[in-house]
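After this come two complexes, each holding subunit A, first together with subunit B and then together with subunit C.
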Partner chain A sequence: MELTITLLLFFALVTTAVAIALLRNLFAVVMLSGVASLLAALLFIVMDAVDVAFTEAAVGAGISSVLMLSTIALTARHEKIPTRSSLVPLAIVSLTGMVLIYGTLDMPNFGSADAPVQTHVGPEYIQRTPKEIHVPNIVTGVLASYRGYDTLGEVTVVFTAGLGVILLLGGIGRRRRRGKGQS
Partner chain B sequence: MEHHLILRVVTKILVGPILLYALYVQFHGDFGPGGGFQAGVIFAVAFILYGLVFSLRQLRELVPDRIVHQLVAIGLLLYAGTGIVTLFLGGNFLDYNVLSDVGYKGQHWGIITIELGVGITVFAVMLSIYYAFAGRPPQLDDKDW
Partner chain C sequence: MFAFVTITIFVCMVMIMIRLFAGPTLYDRVLSLNTFGTCTVLFIGTVGLLFGRPDFLDIALLYALINFVGTIAVLKFFRYRRLGDAPETQEIATSESEAPQ
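Presenting the complex of A and B:
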């Protein structure tokens, strides 16, 4: 049953990706990329990564679509028909894809007990979180407490990204200039 | 979007529950899936939905740019400040155990505080990015869509 669902989701994901590559209407492309994000979120749920699925659905399908739509509103609704042949890019993409698939051949099977992720620090977190932090969601325990430094760094990255957008596009300079003009 | 009556009514019904759900995800993050990052995004989505359906001008009156920009920094300061507080209480940076007499209660206080910091920063960054993009004069008419 689970295998059928996974295969179905992957098939839908690939179909969406092909449709995105073929479409020229950017509005439809943005909508389909939202669909792709939701499908990816469903796949994460099948893999029991609920926190990741949650983020994918909220950021990938929600915020990204809105931002892409805002960008389309500022630029154009249709992709220009490419004048050059797309054979070389296709070859590069196919080659990269094949190298990535070749890389997964060495990886342990999904959910196998002797995978490095199950034998390294994972068991220790699972044993220590209920005793030391008393929270049922181990992901939160790891992110907020054991890996508090990393999360602080991530928030700083979000902060810096926001700061960059505000400085470049936020219109602070414009507002100040207008303020000077009035006084 | 003045003429989309259904969108306006549905938005009015939806914004409240979305905000409530964001708060649930924020403060229930240590018991269920979720946390500050997801909650911040969902909280911002409620405001962005309001801005999309009503108007950016109305949203900006409700939540002025200045306040959003300040919140971007306040969230990060709350997070880093928690670390400084634990330093002053005699622990290591971000060692929440010193926040309470019972170790795990300190952990709970620390996690709730820093998750709130994460949520505030993510919410404010998402909203200010939306302001920055949507605030520019669009080249497309509403009808062109």
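Presenting the complex of A and C:
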């Protein structure tokens, strides 16, 4: 059953990607990319990576759709029909895809118990987290305590970036509106 | 039983994707994205029950929140042409007169 659902979701994901490549209406492309990231999130959930799935849904379907829509508002709604043939880009993309698939051949199978992650680091965290941190969820324990400085650094970087964007763009909007009021 | 429900929801998602691909107007597409998000929420719930892990239901609730906020953001953007700060009354009047696509 799990295999069937995974295959169906992958089929829908590939269909969405082909539709994105075919469509010229950029608004529809943005909506379809939101659908693609929701499908990817569902695949992550089927693979039990719930936190990754949540990030994918929030960033892919939420933030990046809005960013793309802002870009469309500044540029154009329809894509120009390309004059040059797209065979070379297709070949490059296929080649990159094949290289990536070749790279996964050496990796251990999904969920296999003798993968290096499961034999060294995983058991250590599973044994130590309940005693040392007293958090029932081990992933939360790792992120918030063992890698606490890492998470603090990430949060600082994101906060600084957001502050910079607000200071730069917020000032522009206010000035433009004040100028409009005077004229 | 849960397998049947899951497959049915997936069929609904495929039909919504067809509408999203073909949908002539902007609002068809916004509505289909919103409905697709709702189907995602249902799919997470049924998949969690199908694989015997109903703790995923909380996450389905979070997806419903993201879906709601995202749809509001898209619609607000198309109404006022910008996000964040409040629009002026003059702009509302002008944006009402121009019919988007």
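Just so we're on the same page, the second predicted complex is superposed on the first by the 157 of 183 C-alpha atoms of A that agree within 3 Å, B and C clash if a C-alpha of one lies under 4 Å from a C-alpha of the other, contacts with A are read in each partner's own complex, and residues count from 1 in each chain.
We take it that a residue touches a chain if its C-beta (ideal position, glycine included) is under 8 Å from a C-beta of that chain, and two chains touch if they have at least 3 such contacts.
Bear in mind that the values here come from a model prediction, so they are computed numbers and not experimental data.
Engineer: According to the stated criteria, A:27 is in contact with first (subunit B), second (subunit C), both, or neither; which is it?
Structural biologist: The answer is both, since A:27 touches subunit B and subunit C.
Engineer: Quick check on the superposed pair: does A:66 touch subunit B, subunit C, both, or neither? Answer first, second, both or neither.
Structural biologist: Both partners, subunit B and subunit C.
Engineer: In the superposed arrangement, which partner chain does A:145 touch: subunit B (first), subunit C (second), both, or neither?
Structural biologist: It touches subunit B, and subunit C stays clear.
Engineer: Using the superposition on chain A described above, determine whether A:74 touches subunit B (first), subunit C (second), both, or neither.
Structural biologist: After superposition on chain A, A:74 lies in contact with subunit B alone.
Engineer: For A:58, is the partner it touches subunit B (first), subunit C (second), both, or none of the two (neither)?
Structural biologist: In the superposition, A:58 touches subunit B and subunit C alike.
Engineer: In the superposed arrangement, which partner chain does A:136 touch: subunit B (first), subunit C (second), both, or neither?
Structural biologist: first
Engineer: Considering only the touch criterion stated at the top, classify A:46 as touching first (subunit B), second (subunit C), both, or neither.
Structural biologist: In the superposition, A:46 touches subunit C alone.
Engineer: Report for A:15: first if it touches subunit B alone, second if subunit C alone, otherwise both or neither.
Structural biologist: It touches subunit C, and subunit B stays clear.
Engineer: Need the overlap of the two footprints on subunit A, from subunit B and from subunit C, as residue ranges.
Structural biologist: On subunit A, the residues that contact subunit B in one structure and subunit C in the other are 27, 50, 53-54, 58, 62, 66, 70, 73.
Engineer: Going by the contact rule at the top, pick out the subunit C residues touching subunit A in the complex.
Structural biologist: Those in contact with subunit A are residues 3, 6-7, 10, 13-14, 17, 20-21, 23, 26, 29-30, 32-33, 36-37, 40, 43-44, 47, 50-51, 53, 56, 59, 62-63, 66-67, 69-70, 73-74, 77-78, 81-85, 88.
Engineer: Which subunit A residues qualify as touching subunit B in the complex?
Structural biologist: Those residues of subunit A that touch subunit B are 27, 50-51, 53-55, 58-59, 62-63, 66-67, 70-75, 77, 132-137, 139-141, 143-145, 148-149, 151-152, 155-156, 158-159, 161-163, 165-166, 168-171.
Engineer: Please output the residues of subunit B touching subunit A within their complex, sorted ascending.
Structural biologist: 25, 29-35, 37-38, 41-42, 44-45, 48, 52, 65, 69, 72-73, 75-76, 79-80, 83, 93-94, 96, 103-104, 107-108, 110-111, 114-115, 117-118, 121-122, 124-126, 128-136, 138-140, 144-145
Engineer: Any idea which subunit A residues touch subunit C in the complex?
Structural biologist: Of all residues in subunit A, those touching subunit C are 1-2, 5, 8-9, 12, 15-16, 19, 23, 27-28, 31-32, 34-35, 38, 41-42, 45-46, 48, 50, 53-54, 57-58, 61-62, 65-66, 69-70, 73, 173, 177.
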